[in-house]
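In structure tokens below, several structures.
Two complexes, one shared chain (chain A), two partners (chain B, chain C).
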Partner chain A sequence: MSTKIKIDPVTRIEGHLAVEAVIDDGVVKEAKSAGTLFRGFEIILQGRDPRDANRLTQRICGVCPTAHATASALCLDDAFGLRDTVPDNGKLIRCLILGSNFLQSHILHFYHLAALDYVDAVAAVGDLSPFVPRYEGDYRVSNEANAELVNHYLKALDIRRKCHQMLSIFGGKMPHNVGVVPGGVIEKPTEEKITNFLWRLNEIRAFVDNSYIPDVIAVAKAYSDYFEIGKGCQRLLTYGGFDLPPRLSGEDKSGGKLFKAGVVSGELEFVDFAKENITEDVKHSWYADSDSGKNPAKGETKPQPKKKQAYSFIKSPRYKGEVCELGPLARMVNNYVQGDAEVKKLVDSVLVQFGAEINVLYSVLGRHAARALETKLVADAMVGWLQQLKPNEPAIVHPVRNITGGGQATEETISNGVQAKIPEQGEGAGLTEAPRGAVGHWMTIKDRKIQRYQVITPTAWNASPKDDKDQPGALEQAMIGTKVKDKDNPFELVRIVRAFDPCLACSVHLLDVRGNESGIFRIV
Partner chain B sequence: MDTKTYPVIWLQGAGCTGCSISVLNAVSPRFQNLLLDELVPGQQLNLLFHATIMAGQGEPVIKVLRHTEKSRKGGYILVVEGAIPTAEGGIYGSIGEENGKHLTIQQSVEELGRNALLTIALGTCAAYGGIPAAKPNPTLCKGVKTIFNEKGIKTLVVNVPGCPPHPDWFTGTISVILFSGVKALDLDELARPRLFYGQLIHENCPRRADFDKGKFAEKLGDAGCLYKLGCKGHYTYADCPLRQWNNGISWCVKAGSPCLGCVEPEFPDGTSPIYEKITYATLRRLEAPLRSTSDDLQ
Partner chain C sequence: MLDTRYSMLDTRQACSSKQRALEILVLGLGNILLKDEGIGVHIAQKLQRVALPYNVEVIDGGTAGFDVLLSAQDVKRLVVIDALRAGKESGTIYKARLKIEECDKLEQIFSGGSKISLHQTGLIDALAASRKMNGALEEIVIIGVEPESTDLGLELTEQVKQKVPEIINIALKEIEDAVHRK
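Now for the complex of A and B:
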């Protein structure tokens, strides 16, 4: 007899998520993840001034707004013909703003969202809200290490706040920065801002080196069986992100990005990424079937909340029809496989402590380790980016050149920076990496207004429902086959879910509960 | 002396979690200080429900809501972040499952709001609808006060708008409650604490002198008043220029960006296009309160 476990709400993630698992003989046979909120951002954006997308789409997510700021700015650069005119200062400061929020988001994720699945806060501070109620049983860290981790939980609140303070030096404020705009970043860097930023960055780097990475390793040692749990689809996708000026990128074929684009399969085989291969299925999503299988440049958002067979308003993005996982794991493995020496050194330094091969990273702990190492990679790289800034020189395009030619900026279109004349019609795409994985924005402009706007977020990939071929999404696949020891305290399921760092506001949507399975129904 | 404890239920509706993240950016006091009798001696909050922070999940945490509603009737603070989707009976947003059914955002806000000491509508979405309620408002999102008025719920609503709100606007509102009591809250006609929303951005703007001299920025990155680039500081009431953001480091106009008017009920439809200048004609069309007395708006 099978049992269905349903967890609704899944907490300590961004947004509204429910998961359910059908368990037979203690093993997950079927799993579903579904977002429980739909806002319709893409519908709201239609008919608006294209420039406003850069401000409004940040409000898709208050945890990772800078990723949407970056993607929408790249999308508008493309549509306005500004892509090749963004000054080096603008590119670098965009990276520093995005990087600051990577640090904030990853630190918040480990300590404040994920850690309470492993760390016994009640043992350290007592029976206090919001640390109870909780799952009971499987807390394994030694008393001493546990007390240290709870201290770091509090310290991390300060450090993540300081990441936002650092960001606001160039971004004006956080959440929802105002610095990143089409054409670059509004304000020029000064020596004072650069050094102020660097001074703050160094405190954050020290925390990453001395607390975050050692804490992840300490948790991994106590829960080493989680290197075997939550393997998932083992196909990793990145769009590439952190677009650096040519002089920092050398001969790099991926066009000067910290994170390389690519698709890596379970056997660590790498192939190039092309955005034309992305499609979105909707067979199991609450959208009109006529939308299914479209590339996002042509995609529509036509809700159909009474559609049969559907169980989520998350669409099912696929790459050449295949399920993919996105996020820090995907980025670190992609760079590793493509021969990035820095990433190889970082990853190998951890693997050697566990006597493990790189394929153990396809796991709950692998996702946490990749995220921590990526935090260090980004934080250290930011020092170099700061040093490349040219003080008191513009960070946004100015009327200095008369560029002509097909699809290129003319003097008129770049003459006012973001106040540039909006093209009568046009198309744009902006692809980058968010803390949770690759993010893309696509827009079509008609009559100087947004005609179509489509966003595909990393959590849409990771938490997607089944596709047109009935292949379960990445998170669903990671849950299937998992042994659940205690059905009343299904730690395994929430640890798998949270290791993906889902962001539901980003992926939107509505829930349907299929209640037709036989057996005992448990809600935990 | 016994510590007086205010239980807090924090619900998230149609929003982005940005308000919670902003509140976590509070510095003096920090959010955790409010929970530990470290702000006003003998007074503290007890955060019983917050989906982003709490350890528990699933049905046990829904039971926490119901237990608080009954055992602390009239004594807990309800914080709502995000708008309330009302289309098709509220099905577009649910906060969890209860007895095998969706507990919709609308149902939970109405039921927990009815029995609360007061409700803080945190952020522009909860206060007035915000971006989810922007045209064409696909899920018929509304602000908390509108819902309460429609349902005859008498609980006091304090609006703390902003997209996101400054963390001090939240911690400061709490400090009034802890120090002087709920009755001491001095609210304006939009139910906002005058303490934070009493003055026009334009009145305190460091670029005001540029405006008076007629020195206007013509493009982003220029020195000068940002009016021609769409600044909404002429009709937006908040203390950003004085308080500044992220522990006083910067704020929108200091970073060269026009004010978006994100605390106002008309945000975002009435304050966009964001980079187009606002005029009296726009304000009249919005039927926005014409509280600016100067001839600033050309």
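Now for the complex of A and C:
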């Protein structure tokens, strides 16, 4: 008998990702992942000053504003012709700002969102607060290990605080930093800032080495069946991210990236990535069919909420028409396959503990392990980036001390004293990596205004609905075929969804107390 | 181009290495891309242009505001400003004042009945976490504003915009009370 179950992981704030599974004989036959809120923020940007994209796109999301800041700055660099002129300090500080957000986000994901699917906090401390509500799962970790993990949960809050502090040393504020701008970053490095950053970073690194990675391994040992669950589409895509100066990346003078771009198949075959191969389908999305199959550089956002067959406000991004998975797993495997020695060492050191081959990483536990290892990779790399900073030297393209009389900003000021012309017309693309996967911004400028702006978020790829060829999205594929023991408590599916670290719930968080005021609020 | 001149004043201090106890932290929450949903941020950005004592902090928490609670050092009093739907006329201003030990009440009124939060820490979770983290927190004030519209758009609606001076006054009164209460 087939039953339909719905996991509506609506945050109490107002969630936007709903997952539906049709279960037949205890196995998922069909899965639907739906973004239930229209997110057409691109529409707001049309007709605005191109520079506003850098400020406004950060506001799309409360979880990855830093990645949107980076992508929009790269996009504007491209459109303004500044791409090759960002000084080394600027590149490094951008990486340090984005890196701080990676560390924060990954630690948040494991300890404050995912761990409670595996760790019985109630058994350990007798009290769920401040832990998020959960499904009752099968908890297999011993009581001592439970207590240890709960301690780390609290420590992780403090570590995340330190990540935010690091980010704001160079970014000015968190959330929605104001440091990353076209042409580089606003803040010059000083010895004081570097020191302030480094002592926090070292504490975070110690936590990653001594708590985060061992805890993920402890969970993996207790739940080793989850190396078999949630395999997914097995095509891993990265745009590449963390643009480094040449001397650090060991590549030609254009510089290289910490995360290499590429597409890796289930057989671990690697092909180069080219952004022109990205298209977005909308057959099953609430957008006009005329939008379908377009590259984001030519993309449109025309909502059509009553469309038949559609079940999501997410479009279906595809690479050469194929479904892809993005995120830490994609990045670690791409670097591994492309021969990155550091990544190979990290990944192999974990695989050997399980006597496993790299293909076990295509799984729920593989995604958690990749995320933990990536945290270490980024944190350790950040030390090197800090050391490469040149104190008191510029971090932004040729600053101009005095633009016109009195230092008044003119139309030609791109950001803090950087002069460049906003082109009459032009195009730009900014592709980078966010904690939960690759993110891209595309813009077209006409009459010095934004004519078109398109954003593809990582969750759009991972949680996409079926495409024009009816191929299910990455998350949908990961759920199909999964055995569900108890349809009233489908923790297997929750664990699969969570391992992707989906992010759609952040754009609105209106407080809602209708019908439930309890006399606490009074009208002023 | 948007005016962002003041934004560098922001959480630098909240996130700086200086350890200091704040008498009061005013946290404006919301999404400025969705009209009245951004009221908390609009208010915070205006308050940041006011010269305030050293032991007062105003933060534009934007869409990640709850996370800011983690970054804030020891804070005695927290004021959250946000859009709040309670069903009254648009622009209605609501206020709740809770001792830290009464925070559980918030749990009751904000319980959306959902079993699971896939992402983003909610206000209640953040408060619970900050209670464990932040021993100094004594009182929370929530200032809510009934939105007229939360559609796409950078501007506040007229009904909410005309309440801005009043909301600022309420926030300033809170700040004044907190600073002078000793």
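Keep this in mind: the second predicted complex is superposed on the first by the 462 of 524 C-alpha atoms of A that agree within 3 Å, B and C clash if a C-alpha of one lies under 4 Å from a C-alpha of the other, contacts with A are read in each partner's own complex, and residues count from 1 in each chain.
Here, a contact is a pair of C-beta atoms (placed from the backbone, for glycine too) under 8 Å apart; a residue touches a chain by one contact, two chains touch by 3 or more.
Since the structure is predicted, the reported quantities are computational estimates derived from the model, not experimental observations.
Using the contact criterion defined above for the overlaid structures, shared-chain residue A:P502 touches chain C, although it does not reach chain B. Contacts of A:D88 after superposition on the shared chain: neither chain B nor chain C is touched. Of the two partner chains placed by superposition, chain B and chain C are both touched by A:Q165. In the superposed model, A:I44 lies in contact with both chain B and chain C.
Using the contact criterion defined above for the overlaid structures, shared-chain residue A:E325 touches neither chain B nor chain C, since it reaches no partner. Within the superposed three-chain model, A:D291 lies out of touch with both chain B and chain C [touch as defined at top].
Of the two partner chains, neither chain B nor chain C is touched by A:D243.
Looking at the shared chain after the overlay, A:K188 reaches chain B, while chain C stays out of its contact range. In the superposed model, A:H176 lies in contact with both chain B and chain C.
Common to the chain B-facing and chain C-facing surfaces of chain A are residues 7-13, 15, 40-41, 43-44, 49, 51-52, 55-56, 59-63, 65, 112-113, 129-135, 154, 157-158, 160-161, 164-165, 167-169, 172-176, 178, 186, 494, 505, 510-511, 513, 515, 521, 523-524. Residue ranges on chain A touching chain B, taken from their complex, read 6-16, 18, 36-41, 43-44, 47-49, 51-52, 55-56, 59-63, 65, 112-113, 116, 121, 129-135, 154, 157-158, 160-161, 164-165, 167-176, 178-179, 181, 183, 186-188, 303, 305, 394-396, 398, 415-419, 494, 505, 510-511, 513, 515, 521, 523-524.
Interface residues of chain A facing chain C in the complex, by the touch rule stated above, are 7-13, 15, 17, 40-41, 43-44, 49, 51-52, 55-56, 58-63, 65, 108, 112-113, 129-135, 154, 157-158, 160-161, 164-165, 167-169, 172-176, 178, 186, 196, 494, 497-498, 501-518, 520-524.
Across the interface of their complex, chain A is touched by residues 12, 14-22, 24-25, 27, 30-32, 46-62, 64, 85, 88, 91-97, 100, 102, 105, 130-132, 134-139, 141, 163-164, 218-221, 229, 245-247, 249-252, 254-257, 260, 268, 272-276 of chain B. Looking at the complex, you find that chain C touches chain A at residues 1-2, 4, 7-8, 10-12, 14-17, 29-34, 37, 59-65, 67-68, 70-71, 82-88, 92-96, 98, 105-106, 108-112, 114-125, 127-129, 131-133, 142-144, 147, 150, 152-154, 166, 170.
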